[in-house]
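Labels run A, B, C and D following the written order; every chain starts at residue 1.
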Amino acid sequence: MAIIVDENTKVVVQGITGSQGSFHAERMLKYGTRIVAGVTPGKGGNTVLGVPVFDTVRQAVEERGANASVIFVPAPFAADAVMEAVDAGIDVVVCITEGIPVHDELKMYKRVRAAGATLIGPNCPGIISVEKTHLGIMPTQIFKPGKVGIVSRSGTLTYQVAYNLSMLGIGQSTVIGIGGDRIVGLSFVDVLKLFEEDDETEAVVLIGEIGGTDEEEAAEFIAGSMSKPVVGYIAGITAPPGKRMGHAGAIIEGGRGTAESKIKALNEAGVEVGRTPMEVAKIVEKVVKKE
Amino acid sequence: MAIIVDENTKVVVQGITGSQGSFHAERMLKYGTRIVAGVTPGKGGNTVLGVPVFDTVRQAVEERGANASVIFVPAPFAADAVMEAVDAGIDVVVCITEGIPVHDELKMYKRVRAAGATLIGPNCPGIISVEKTHLGIMPTQIFKPGKVGIVSRSGTLTYQVAYNLSMLGIGQSTVIGIGGDRIVGLSFVDVLKLFEEDDETEAVVLIGEIGGTDEEEAAEFIAGSMSKPVVGYIAGITAPPGKRMGHAGAIIEGGRGTAESKIKALNEAGVEVGRTPMEVAKIVEKVVKKE
Amino acid sequence: MRLHEYQAKQIFSEHGIPIAKGEVATSVDDVRKIAEKLGGKVVLKSQVLVGGRGKAGGIKLSNSAEEAEELARELFGKVIKGHLVSKIYVEEQLAIDKEMYVGFTLDRSRKGFTLIVSSVGGMDIEEIAAEHPDRIASVTVDPIYGLWDYQIRNVLYAAGMPKEYFKQVTAIIKSLYSILVKYEAELTEINPLVVTKSGEMIAADARLNIDDNALYRHKELEKLRDYTEVNQLERIADEKGLNYVKLDGNIGVIANGAGMSMATMDLIYLEGGKPANFLDIGGGASSEVVKEAISTILMDENVKVIFMNIFGGITRCDEVANGLVKAFSDMEVSTPIVLRLAGTNEEEGRQIIQKFVKKSGIGIYVVETMEEGAKKAVELAR
Amino acid sequence: MRLHEYQAKQIFSEHGIPIAKGEVATSVDDVRKIAEKLGGKVVLKSQVLVGGRGKAGGIKLSNSAEEAEELARELFGKVIKGHLVSKIYVEEQLAIDKEMYVGFTLDRSRKGFTLIVSSVGGMDIEEIAAEHPDRIASVTVDPIYGLWDYQIRNVLYAAGMPKEYFKQVTAIIKSLYSILVKYEAELTEINPLVVTKSGEMIAADARLNIDDNALYRHKELEKLRDYTEVNQLERIADEKGLNYVKLDGNIGVIANGAGMSMATMDLIYLEGGKPANFLDIGGGASSEVVKEAISTILMDENVKVIFMNIFGGITRCDEVANGLVKAFSDMEVSTPIVLRLAGTNEEEGRQIIQKFVKKSGIGIYVVETMEEGAKKAVELAR
């Protein structure tokens, strides 16, 4: 078992003929991901990397049985791509695209939820169920199979922590980047629930950052409903209030959503929070060995 | 048991201070309907017919526990009233109002369905569970308790058929006017399902009219999933094609939705269709006696 | 409310949909002038609110201003499928390379607006569906989420639309949807959507039906209503707010509720009679409305008897009775009335009528059932 | 992108929200002329994109054109909370009877736009919430269904809004929501919303923040961006499409991803150093972007060392290495670089750097971990 996706997941890559799409599709194929189709409107009938390309997701579902999608289309067309995937009956949509307007993101979110599908991202590195499948843009070589789940708002920090864990000999079950935008498909709580129920996961690393209250809500859930140990990391302790730190997720507004408030909430929920990615890995090591 | 509403249903009347609202609220109260609140924005704090009036449905729900609503507000404000009711947590919304723009009706429909609530109407006479409760504008004196359910797209025809049934000594369980507009909250199929599961209903009268394909879909459901006998009536056999017959429900477009196609579909599903309301009542008499 | 082609085209054009050059004319003289301006090679299109006007002879091609004048003389005053031609839209002729179809229509069963596209056109959409099922495709737009590009792509691929037209036809479909939402239309279509020999895509016809219930929010459209088209009686009824359709029988029908009105007509037919009209006074009608209903029907000279069939719910029988009394008090009425009153305040209504009949002695036949009423009305009409 | 008050007010006014008479001035002379035109009794409001400008002395009342001129002389060139005053909005004074608050803001957790209304105003919304919790109310609008009247009513009743204001404030809230949707704002507010002694309701301030990601659909707004406000370096970075924030330390930071950039800054602090900036090259940066990032940071004279911390995912380490090489080849760089490369194409990247360092002999310190890198950078900055 793995959460959300596994070796049986049949993937369609939307935007497979673009430079990012083809580069990462090739990497995913190498990792063993079952990419059954690509979609680029107007390019239907071609083949890329041995994968048949269709004009529409509907065709990819009907003719190739795709049930998950990874989206590499540019921001102005990304919301449409998500809507198309959901409408075609895709269960899991991973949207890599960065820079999608927030009004579009809200519509995407609502549509996906109404359809009962799962949206990972946007502005995310995707999901990897280690040695089973990879839907996204992660540097797969850093992961090692094991029993630690990782959920993160930041792409690169995820890699960093996974890398440190692997160096310590601690493998991962599923690693999910939920995305750095203000409106994303999955919350920490959504993913923690899945890890809690997953037989292959024994501990979870939660990587948050300043802005929003998702970490605070996660702390509440952990305190009330998590039996598995959770280790935290929060980026942005030193970020000056009010300054915009890269993607929209990282704004401190009105004192809420500060690193302090998040770390405090997590600590109160019994979550140890590391000050550096390396420290996080060492705490996990301690926690996992204790088990 | 009765379907959708019963003697425990707690009703709020939206638009209770209007002339239609107060007239029919009084009639409902006399029938025994548990009207626990009225709502008219700006009139909160008053009392009408001994019923406390609130400014918002939310207040009526919080302070009086209302779980159903009957709406008498004018067409330009009716969609807003439905949205308000659903948002306040009302389970059953009966919208009497006629003349609501169809673009509004679509939004109402979608919102109610997303919330898992039940919308009866708009442009309907409401619902009566005989001798239990009445949410609407029906002439209650014509109904008699019994085991025949009635579902109808037309208000007055419903009364006519119920009247004829009562004259023959055949009582009714629940009578629902689903409304004559093109977009209404409940379809024939929705109601037939409920009657099929209702212990107090032994037979059903379905009163349709030209336009749309709701009767054809009902026929399909009856053939496949109904064990109880259904008797039909279709108005508009002689309506000239293309002419607009009153409310929007009654247009014949492109040959679909004609009285002939509906009667044929019902007959093929084993439903006997009466040519006059009286004939319908007589068929029901025959069917019920046979049981 | 259905708009005329020339009215719809103006709205289409304002929303970026290309149309041919043209102007509307109300006189032969106008037609000649416009045709001259457009260089003589024009189409004369009768502005009648009915489908199939082309086959019925309502559309004519002309090669010169003189010919246009002559054709206009024939067309004005002509009756096309029951509609009088009083306006002609004069348009430049297009060199047509290809005809297609695009349109949105309210979908009752799917609860949204269905976009229909066909890569063939120039005939009724029903014909296209029957003859070229592989060249027609549709998708229902959820009004909550609106129209998305992928839906258009899905339909265009499925309808076999040539790729070189995707961009233009997508833009047109998006404009059509904006118009649909902005004006609260229930139907809008372009049939045919034409590709000219020079590669332009042009709406060669334009249809836009607005939801009557929404007209109060679109006062600018209400002004476009064309009453010259409508039967005089229907126009009067409309101004009075009555739901009236003129038919060709001799039994005036007044009922409350469309279903009841239709059932009443059906009954009259079953008894061997013919209704003179459909008239639904709606729910909760006042005595004033009832009076207006009666006076409207009496304007129809064919009417020999009126059958009023009322089953009161939101309508109160006493109001109906009062309306009847008012009508008879204000007008001199010799037409007999068959009256059936049941439901809300039935007793009060009957008493009002009995009192009035006693006092005035006029011909109101009160019946117990609608079947009896229909029988009586048919009998009186003979 | 946050608009200036005068820009937002123009948009508000176009959408039917009443504003006071006023004009924007860029010189003392302009201020006097506008003040004269408005009759002397005016408010001078510094157009700086920061909250609390009133308390910080950015807003002045004047009773005559002469006084306005004098006050303008003081305000122009003044720095309010780090923002230079280069524009003053001159507005007629209002006879204020009552102050209130209305606004919409993106709600991440409820996935919609939250309407906040308070029947008291004239201070920060946080202060209102703290001091008058019973006079403030909110509701989240589902973007799929839009704003409905009942939601406004619910909020107005809950905020204790006097009934006589319902109509005006409802109209203003609806306009605000239209603006929010039309311009894809993430925040829009009126604080204070003023009722004058003569009973008019007027937006006395106006705030409108547009989603940067949506600006490509609103070219007309992009033109309104005021660069005089922004740090020179940030402006250059913005033109290059970089995500750069100037800070006051001496260690230049370049990383990929906002989280990684923040974590890198956090590490530098932990090691006792101070970052000179935040710079996120984003995902999938090309060598050109990397080169631009380095050249931008080198413009900051405080920078003594650059710490590049890259963990490649969508970003490829070879691209980053090539960018570094390009930067060093095109510019004369004496600033040492601490480089940490891991992830996608890590090996390729390292080889490019090794080759380059060998050939050119310049100061690039390649480290294995980010902790080590931070330590090294802090050490070099001393």
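Just so we're on the same page, contacts are C-beta pairs under 8 Å (C-beta built on N, C-alpha and C of every residue); 3 or more make two chains touch, one makes a residue touch a chain.
Just so we're clear, the structure is a prediction, and the values are computed from it rather than from any experiment.
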Neighbouring chains shared between subunit A and subunit D, ordered by label: C
Pair sharing more residue contacts (C-beta pairs) when B-C is set against A-C: B-C
Centre-to-centre distance between subunit C and subunit B (centres being mean Cα positions), rounded to whole Å: 27
Centre-to-centre distance between subunit C and subunit A (centres being mean Cα positions), rounded to whole Å: 54
Rounded Å distance between subunit A and subunit B, as computed from the means of their C-alpha atoms: 47
Residues of subunit C touching at least two other chains: 144-145
Touching two or more other chains - residues of subunit A: 107, 110
Pairwise touch network: line, ring, star, complete, or other: other
Interchain contacts, given as pairs of chains that touch: A-C, A-D, B-C, B-D, C-D
Residues on subunit D engaged by subunit A in the complex (per definition of touch): 106, 108-109, 111-112, 126, 142-144, 181, 184, 186, 211-214, 216-217, 243, 245, 247, 255-263, 265-267, 269-270, 275, 278, 280, 282-284, 311-314, 342-344, 346, 369-371
Residues of subunit A defined as touching subunit D within the complex: 20, 24, 75-76, 96, 98-104, 106-107, 109-110, 125, 137-139, 142, 152-157, 159-160, 163, 180, 182-183, 207, 209-210, 212-214, 217, 233, 235-240, 243-250, 254-255, 275-278
Contacting residues of subunit D [partner subunit C, same complex]: 144-145
Residue numbers on subunit A that touch subunit C, as the complex places them: 41-42, 44, 55-58, 77, 80-81, 83-84, 87, 107, 110-111
Touching residues on subunit D, where the partner in the complex is subunit B: 145, 148-151, 153-154, 157, 163, 166
